[in-house]
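Heads up, the next two complexes both have chain A, just with different partners, chain B and then chain C.
So, the complex of A and B:
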């Protein structure tokens, strides 16, 4: 049988070597999903890229929008507002992800054991994840409110002066970081605890017999074994930082001044406040490239999916 | 006393009693195999010795020291797990040296010990590989290597060979026995495979339902099983049990449905005391014989017994007959006859000096 290289000995329907109508099956099955992805994700990205070459403003028919070539991109490089919001995004990402990682992993390690009440606490703990971002924004706007907010009320009880949380640049930045941590630590927690609980028991026992103390057990055995899971969680959070919008939009609107204006919020404000759809599209192309570059870098340097096969 | 000792150990999981009460003493550098069906408590016993499971009551001593409430790392033990339990993120050398690094041993010593263990186990070429790039047998060796470098007082094995294929298993059995000789350490080995137990053990501990049924050398437990459980568990294929009754004033024979076998004088003397009681006769498959093979030997202890053979399984050196005596199903292992002569129903012989008798109610040996 010189032509057939099929291992199961099945003959091609078409009689032509290398082609089998059945080999199309997998593609047929994923076609609907690809269609949705293409319509919902790929098309807007391409469209944003296209729009970035036009000086299109809201209310203007698109066919009257002048083609401006790369001038939006040139302008962007010199635009201090864009750079400022990138800087805000980086600071925001650094603090939120750092604290969320440390907190989420620590809590997962603490609550992993089947101690009494742990499951109840685990459930309560992931509640913030189930709340819609808009609601999160509203809740925390009231909590942080300078006059009627609970936070000022309670810090007043312990003798601290009421603060204008959302009106001061530093405090407002703290507020969005805090809110993000409140909402997203559970995400890290839930992923890490799932990883921990899937670890093979005998390997952990072997480490105890080998003489690892509590710290060594965690740092040298447990965490390295869930490294790939932690990296994937990190990657998802990084991408989320660039997408974060709703909570900050409601909480601070990017203010005071530009203190909490993340890049995504900056794009939104450009597009719908100053109505520069074309320029906003150009900045969003930059955002896409940033996210893409970051994700790519993480995947290349850590290759979490390959490492996963270790376990 | 040195060695390993369990003193009146009780283990409960919640309301479930797994080990009702167990005492066992293992001598220094002895190779003891704990064997029993799954769920008999053998692994739990090993895990209590390792310190991975707390005892509910009782004491455990290792090397004369009471370790009952000490964590595993203070018990001077090494353990090999069924799943190998290698650290997936460390290479072979890292796996083997982990315990030594934790103990803060000097680098040169660690390297030397790992090198020696790797040589002993023929792992030298694989030291830089990750576990996922090794075959099952190699992983098993790494797991062994990891425990060897520890140079612990006591080695614990929890069914370490059960994930290997038959051929590898038998060669690893041999290697383990050699290893035991070289290291001269106390080894406690848990398995459900009676062949592993018979081939490697200095002494076998047979457990059922959390209770030790018998402790003895492989020859002891094979030749003088204390009850029907041990008799049925040790030996392959396993012993046939036939209900019967004792005959004659002096219990000269045992008779049941389809058979009557004279008893050896020693056994008859013992059986006499329990006469009148119903018994179970235990006949090992390997003590059957083809009639022709014994023809002419005058002082034979063999007696005739009829087998209704349904299937003969030829395995080379002998053949297994699936047969019936009366209504009871039995297995007989007999010499393989010429191919032209398929084994058929008829008269066979049984070595009456090898008949076992058990009390039908208690199951205890007579």
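So, the complex of A and C:
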């Protein structure tokens, strides 16, 4: 809404008169935040590229680290351990996201109707998301413990032999998937419910009057209307799969062998366990490219400057 | 009609039963941690899981609070959490205000790249951060951690606050300027009071991440600057696996985030939903 002419001296040319651009430079407002993000996020990313050209190890002054050009990247392509952790990451992402999506969306569709006390339940459901990843790792490490873990006790009750959950490759993988599902299914559930409850009532009523049955109503009306929310939630979970390392660091440390070593954890272990800082940086470059590629996909679907959301 | 109301009753009952079952699943692991933290080692080591009925003890809490450096870790966590939250809200708030209200060259670039760098994996930060520590010998300074947590939290805080600023009608600022207020007065006197809930949501998310973060804290802290999560993880290696004590430490770490959840669940959910809608 344009200002009246009495204040035209104060108005900027942009049609956004709230920000008094003549007397305050917007760059002064954004500069401090941009400076901190440049130093704390952009510089490390650039530094990871730079370090990947040097064979730097822990305990060695950086000046003495030999320049090795692209040889870390050549080595990476042939490195079975890197490929294995990429494969673990893909399998982990596939199973966790598939199960979380199916569970979260179905539960949301079933329990969407507003009901007295729903907000109390929603408060409880977000608790797993609020717990520190370290604590999540510690809790489940205790529950999956082979000797005194509660899970072995309860599967014993139904006649299953106790298992060494975190000492067996397949079982440890199951354990990290299970833990992730416990923590993140509520996220999908909450998001999808919010999307469903924001749908315009008239459209839903119309579909009912037109005689759509329950399945048609869900598959042809409701789900298509919230598909952008589902898509973005899916992309965000996918990016998280490439970022996650704290829960696994505590729960399994990536083991046994490399059975639960997601790519992020692999980089960490390379850098600080086998102490190859330069080589770990080269693998970080791969990780950055993967994550930025996925983030770019989100940018295609959303506009960060848009004022109102789609729902 | 009786048939109809019976079916309605059955449906509502089923709805509640499903919600209760899900709530139990969400809560059980957290409750097991709290319960275990009040058990002595004999009960912990016995294989029978005891949910509620055992003789509680405060020994685990007494142990972690008197041995080791619990008070130092707690103090470090509080300092790092509050300082990085304050900085994030201050710097992020200014930046969001400019993005929401001013038109300038680079506005779209800043908005898009903020969204991209929000996704930088912590593992990628690890080696360069470690390099800084080695080169400048700064592993005993909380400022390093505060700086990195502020950087990590700024992108999310900026666009969350951007959304809140956008909801405030521009007319309010126009009226204040007509009344002779300076731009800074407009920001501090008009905008900030209206932004209370926006800053509260952004503050909760920021504090929670700073309070819970582990990997960077592990790398960037020395003996006197460790935070609580690093201290908790240390219990696994330092003393073997003393589950009662570990769970006591875990319970104490979880208290602030749980309190936030109980008092501001609606705002937290709003923040999460906004995150999923906007990336």
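Following the convention adopted for this analysis, the second predicted complex is superposed on the first by the 255 of 311 C-alpha atoms of A that agree within 3 Å, B and C clash if a C-alpha of one lies under 4 Å from a C-alpha of the other, contacts with A are read in each partner's own complex, and residues count from 1 in each chain.
The definition used in the following text is that contacts are C-beta pairs under 8 Å (C-beta built on N, C-alpha and C of every residue); 3 or more make two chains touch, one makes a residue touch a chain.
These numbers come from a predicted model, not from an experiment.
Engineer: Which chain, chain B or chain C, is in touch with more residues of chain A?
Structural biologist: The partner with more contacted residues on chain A is C.
Engineer: With the two structures laid over each other on chain A, which partner does A:249 touch: chain B (first), chain C (second), both, or neither?
Structural biologist: Only chain C; A:249 stays clear of chain B.
Engineer: Is A:203 contacted by the first partner chain B, the second partner chain C, both or neither?
Structural biologist: First partner only.
Engineer: With the two structures laid over each other on chain A, which partner does A:298 touch: chain B (first), chain C (second), both, or neither?
Structural biologist: second
Engineer: Kindly classify A:44 by the partners it touches after superposition: chain B alone (first), chain C alone (second), both, or neither?
Structural biologist: second
Engineer: Kindly classify A:55 by the partners it touches after superposition: chain B alone (first), chain C alone (second), both, or neither?
Structural biologist: Touch status of A:55: no partner.
Engineer: What is the contact status of A:224 with respect to chain B (first) and chain C (second): first, second, both, or neither?
Structural biologist: It touches chain B, and chain C stays clear.
Engineer: Where on chain A do the contacts with chain B and the contacts with chain C coincide?
Structural biologist: Overlap of chain B and chain C footprints on chain A: residues 309-311.
Engineer: Could you pull out which chain A residues touch chain C in their complex?
Structural biologist: Residues of chain A touching chain C: 1, 3, 6-7, 10, 12, 14-21, 23-24, 26-27, 29-30, 32-34, 36-37, 39-45, 47-48, 51, 62, 107, 110-111, 113, 115, 117-119, 121-135, 138-140, 142-143, 147-148, 150, 153-154, 182, 186-187, 190-191, 194-195, 228-229, 232-233, 235-236, 239, 242-243, 245-246, 249-250, 263-265, 267-268, 271-272, 277, 280-281, 284, 287-288, 291-292, 294-296, 298-299, 301-302, 304-311.
Engineer: In the complex formed with chain B, which residues of chain A make contact?
Structural biologist: 200, 202-203, 205-213, 216, 220-221, 224-225, 227, 309-311
Engineer: Show which residues of chain C lie in contact with chain A when the two form their complex.
Structural biologist: Those in contact with chain A are residues 12, 15-16, 18-19, 22-23, 25-27, 29-30, 32-33, 36, 44-49, 87, 91-92, 94-95, 97-99, 101-104, 107-108, 110-112, 114-131, 134-135, 147-148, 150-152, 154-155, 158-159, 162-163, 166, 170-171, 173-174, 177-178, 182-184, 186, 208, 211-212, 214-215, 219, 229, 232-233, 236, 243, 246-247, 250, 253-254, 257-258, 260-262, 265-266, 268-269, 272-279.
Engineer: Taking the complex as given, what residues does chain B use to touch chain A?
Structural biologist: Residues 50-52, 71-73, 77-79, 81-83, 85-89, 98-99, 102-103, 130-132, 146, 150 of chain B touch chain A in their complex.
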